[in-house]
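Just passing along the structure, written as structure tokens.
Lettered A, B, C, D, E and F in written order, each chain numbered from 1.
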């Protein structure tokens, strides 16, 4: 594996030795740039200002973007989600003060940039995403992906399931995304989990959809998922409650099954995440979002994504900031991450 | 009654038959356009892309706008509230997945556009609003109105009470809007309920004002309402609590009395509804707002409004979106709406 | 033909007679609502608050939207162009004070809503747009279309040329949109005129592309068009100059040839039209834009479009406002419009 | 007269003596705070951070706000115009580098705050504005007013003409504002000059309306003004031209007549001043605006206003900044201002 | 002491007597302008439109700004915090309806403007802030300061502790701000409490830091504070809970110790306060913020600040509005404020 | 030298060969990613999506950021200038269609990231910037820098002049930036050229300051520069004119002297570049800006910068886009760039 060290400008001599000494790798690991080494406004915006790698070779986990929004039904803009999440990420520090996870001392991590997508042809994009994720994960690297709209989870799970078999799913979302078609099309951001189900990519009884809400087309909208054994947790069941007990239950059910975590930012209430395309009121708080992700500690996670951040509707940057934090928390719950006391 | 079918472009042939078949009316009712029939970005923005009617004749309920903001004391902009609520409404689907209400299979509903207002003359506007609402409701159509500032509830209630007699009131708001005058004027957005009380339009003991908060001019600000028997529920009494128990109590008190529901979006906290003119911190969540409206199921509702959405301060669209959703929820609790199991 | 009169609320009686008398049709024509009849914030936002028609039957000209943005290569958002142009249009009055055109006393005009598009499938969208425009124009109605990204001009011209034969083209744009492919795809917003050329829809020597600028992929980018006889007018040739002499020349060349006018809002400088997806600095002023459209008076115009308004990047509304004004000016130069002294 | 020195914080001793010495008044005059005395972010935002006076007593000229927007026909928000113009004004320095005017060494100037307005009652507001301006000008102080919508010029001119007799008018605007009524009302932001004409406040042949453009209700819209002798200069006559020759001509015509300068910011093109309520494309540049104001040097100016800045549509602050600069330029051309070589 | 009465325009006669009579001082106290005396859009924006004083002489409490942002590590903009908080403050009325505090009938309060800062030199700014606050507080006036970034609390506490000795600290913040250095510098917005500790300005066991969260540089980030006896309350301990019990405990511990209240607006969740420079998700609600400030009633408060409001990221004004309200609530809990039943 | 190829995701095989073949380097040069190879939303945002280099070794020219804004006197935010300019740059293609420059086929170019700055200590930042630029230019690489505020030009010119001796200066700006001090400080964004002059870094008679305007502190503000021989071109001299003749004259004067080009984006009018900290109305158009930069062809350019882009005030992205384009145009006029016919 070849990891390029993303240097911010010229070689630093003399004065920089004193200040930047902490950046000298204390181990074989990559580290994000700290705001105490390099001003937060500085440096090319990779995720958390990590080194950029040309491939996933040698990496335990990677951040990767899927800059696509042509599956969106309402407001577009998620094509710029990966870029904006990276822009807001330099504020995040390497240690998780709440959970005491120390991911960068545990895993080799890099930002591997974005996969190639075809914005004018959604099926072709899906095909290419599948191929590229197959390559990313082939040696065991766990991808934490930034969308892009939710369409992308379909080809990602095609790649994942080919390697790991059908997976359990922790799915935070306002919407079930289990339509058969949208406007007659099979591929769109409201259909990925129907496609995944059809192709046998999911262990249906180990699918948890959390935060569902909003209006529907008919009383039958959720009928089929229920019959398949999907576990639907409407937002109403989450109101006023910690998500921690739910996550305990989910961990018990999942056991050692390979699990994929798909977090649609619209699972959160638009007060917390306004910058998204199909917002629904009455959603989760970002506290509940943190509880869900932190509650995945102990699962056999094989991949995760954070989708549907639409920067043009995120006028304060809070949505992208939330996305960046949730992706960091995802990293913290991957298998192999050490926790301090 | 004459309902104009709002077609989006030319007659669709061949290919469209397959896709649009669901729009063929399965009954005598009107339906909003689904995002699976017509892309959400498409079509002229009536409320939920319902047919537009030239009058309320033959309608059980209607959406109607009152595009006025000349009663506002702080930030203006609510004159564009109806238009922006309509713009954000195409995301709403016709069935209420949370409550299982099926309003469009139960009631004949249309968007009847906006009433005429005089932006340069507030008393004249009130006179004309009263006259037009008298016409709208004369055959029993229930109006769900989008403001506009809260001044509009005064002439609407004049029309309502003329037909139905004094009404009970469920009033969500940061402010009591019971000033006698503002800057010496009798008509402004802080005075409507004082005017209504003076004219005997309210059953005072059946007035519930929910979410009151913020600073006041003196210790006596709420004295008079209390003496009249108004039930004041400060926001502080709502903190950390479901509104469901309160609504049970309100339903018990209201009985069969005709009730009007007036929802000032500033009843919600500015985290949930920043796009409004006189925001006050420490308010209700949109979850609590949903509970209040859903808790009106069973009341003898004769009208409802959603006021004070000011799009120019709603930089992400969340406030207008919230308004649109609450108006849909209002429709769902009107008398006569069927609920599925 | 059936034109629905879009009434804004209930029947107006008494007081309204005095005020609204001017709206009584003085002829067989439709008129936009005046701000002196109905407050500008009022009414459902059709284009200029014209009546909405269910088809183009009986119309001399129509406004129509194509709410599509899946052909965009950079920033998306033009799917909401038609809606936002309509939102900003109520400020426009019916008479052209600069040119003395009186279009609504000359032609029967309505807003016919939006054509159906498939946001998940660009080739299918193009097919459907073509079919619908064929229907719109079959009886001679001239469509003035609001995009949508520039892809839409390809299927519109397919319909136009089928009826009228190859057309002359007045094309204002920063970009030639004559790529053969983009990212390997034949259909995208940078390829429409290559497609049109291939299909023989254009009279190549009567194509005028005005305002071209920005960087290119190579020195050969414009080679082919030149060989075909396209007339390329780079922005640099427009700097500091009135466009009136150019338009005189164009009129002389065009003669009676059927001409299509395609105005990409990014032909204007981003100072004048920031709300667009692929802005290029150094462009035309809106004054020059007006001169181009006004300079089309006398041409045998058979259709026109205004594309690439992206509301999410139009933070002040100026771009949509400019689009609405240019569409009004297009109407003013259609054949048959009367001019006062 | 009592001028309060607006100190920014506590008495400055020692260290401040060195830095602030330039602020020691070199004469009896007031001076704006310099960015080299006090950081531009500092201090309560009076106009140019001038001292605030309780009245115009002893002042040669004053800045004054009229925070009213209830005469607006389209977008509201100008009620916050005065506040936002003040917010952007600290960047302006006391000397005019272009014209060499030295106004603060020539005239006693202060910010006298805002006049009282009644936002719920437009005629009452006008009455009160007239009374207050009569008081402001009674001892010869020249008011430079920040609107507020254009309605305010009517009562201001009532006060002005009572003292000075009918005035000449230099009026920059996209609109003639000479409607008889709007929606049936006599008082609104499109009617002030009709009212002024009716009351004999204007020397009609010395009225210059510069920058007129946009659509109209009919061919007769400008007929009456022309008959009265108003000089109408459409924007089209200003395109590509310096305004300096026009201003020379105006100065020749005006002679010693008392002249009022009314500058509607929408006279400028929305590229230069997007933050306004009734924008029209194809307008003046800010360079032309500067030329008009600077061209008033030598006129017998008895008052001036800058109206229609609507901060909520001014997303970058440029419009308010432009307003602040134009108000400074107005001060520079008042009678009595000294010019350096 | 000299209090300047900030009059808004000219002397009001006749009509104004009736309306403005409430402003006639009923006592020796200053009062904020009511929205029922003066339209909220009116008047120069001092805090709550209080009179502006040239010094703290004779005042029991004062509002004061510190317009500095050069200590910020991520997004700048807090230099405009004081101005924007003042802009949003006119909506606040003088009486606290929730707690029944009547501060303006109890204390002599004014806005004393901003202290002088040096934006190009942070240590010099700190030196000058210290000197000016020493002057402000020397006769017992209690300052309620608007930042500016959190650096300012260091020099303020230098002044406070010099007069009152080491203080207890109620500190709401996402961050502990107890770094020794940032990028090698001793003075920055992440270091003030380390500096204060070093200089003995704090009673370490009476320091309460509430709302801490977010990522950290290492497991040891909070080690030193804990050893010193600081009481750290992570946000996680606040989730789903009222802060009232905590405040009871704090009051018991504090006793009569002089206490300083420092409220970093980023202590609140970005849903409630997006306009800040180093936002962290999962924070306090504004309800909890109100509980903390209201819970300070009974403490021997000697000063308070509200810092880190960054208007350029506060696209809706909610953050500044929240800041203004919290500063009003701070005033309400100062020693000596009377409470009605 | 080591140039890292910034790959966007995993190795592309099969399908990508066809599409990406144009990216196979046709020579030893680096190329920006084309929008026809990689969707514009894709890839980590280096300048024009060029490869990122760890140093300037082997480069003929480089793009480099200086993310500093602590020298700003009014609005901050330029610290994020480099990041936002990079974000908007993927729209630029590699060939200059207007001038036929082919820079990437002529020079070895990369983005070398940002230099290290100390946001809490301006003099220290300047020292470090100087050192780093000395390193960048030591082997002849020409830096094109993105600011940051204008302070940065001082240390850059220290490095430049140490290598090349005193330079000629083409300086586009609204302000002369020749103050001796600001608020008593020697280093700030209004003083760099005074410092440069003092240190003998400039050939004073070959300094051209273009676009100067706005108010001043006194009639003497420009006296000293004039005496030193600086050539001051006020904006007023540029109005309505092409800059091409001026540039011809400048080229004649400069001859072979090493020249530095410093372009403050506020040299442009805020209509064209609103996103800046000290905007002044009446400025250059972006057309004039292009003419100035293109007019530098033939000069012996040894460095260039584009400063004062403040993204938080650039609500539409136009300012950053303009900055990116001007930096590309700067590259095109460097010595050694080939021009096609």
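The rule is simple: a residue touches a chain if its C-beta (ideal position, glycine included) is under 8 Å from a C-beta of that chain, and two chains touch if they have at least 3 such contacts.
None of the values given here were measured: they were computed from a predicted structure.
By the residue-number overlap criterion, the interface of chain B with chain E counts as different, with under half of its numbers used by both chains.
For chain F, the chain whose average C-alpha position is most distant is B. Chain centres computed from CA atoms place E at the largest separation from chain C.
Remark: chain C and chain F have CA centroids separated by 38 Å (rounded to whole angstrom).
Spacing of chain C relative to chain E, judged by their CA centroids, is 54 angstrom. Shared interface positions of chain D, defined as residues touching 2 or more other chains, are 39, 41, 69, 73, 79-80, 118-119, 182-184, 240, 269, 271, 313, 315-316.
Taken as a contact graph, the chains fit none of the simple arrangements: neither line, ring, star nor complete graph. Chain pairs that touch one another, listed by label: A-B, A-C, A-E, A-F, B-C, B-D, B-E, C-D, C-F, D-E, D-F, E-F.
Residues 4-16, 38-39, 41-46, 52, 54-56, 64-65, 67-69, 79-80, 82-83, 86-87, 111-119, 128, 131-132, 135-136 of chain F are the ones that touch chain A when the two sit in their complex. Those residues of chain A whose C-beta lies close enough to touch chain E in the complex are 18-19, 34-37, 39-41, 90-98, 100, 102, 240, 242, 269, 271-272, 285-287, 289-290, 315-318, 321-322, 325, 328, 340. For chain E in complex with chain F, the touching residues are 69-73, 75-77, 79-80, 118-122, 182-185, 187-188, 312-313. Those residues of chain D lying in contact with chain C across their complex are 73-74, 179, 181-184, 212-219, 221-222, 234, 236, 239-240, 269-271, 274-275, 278-282, 313-316.
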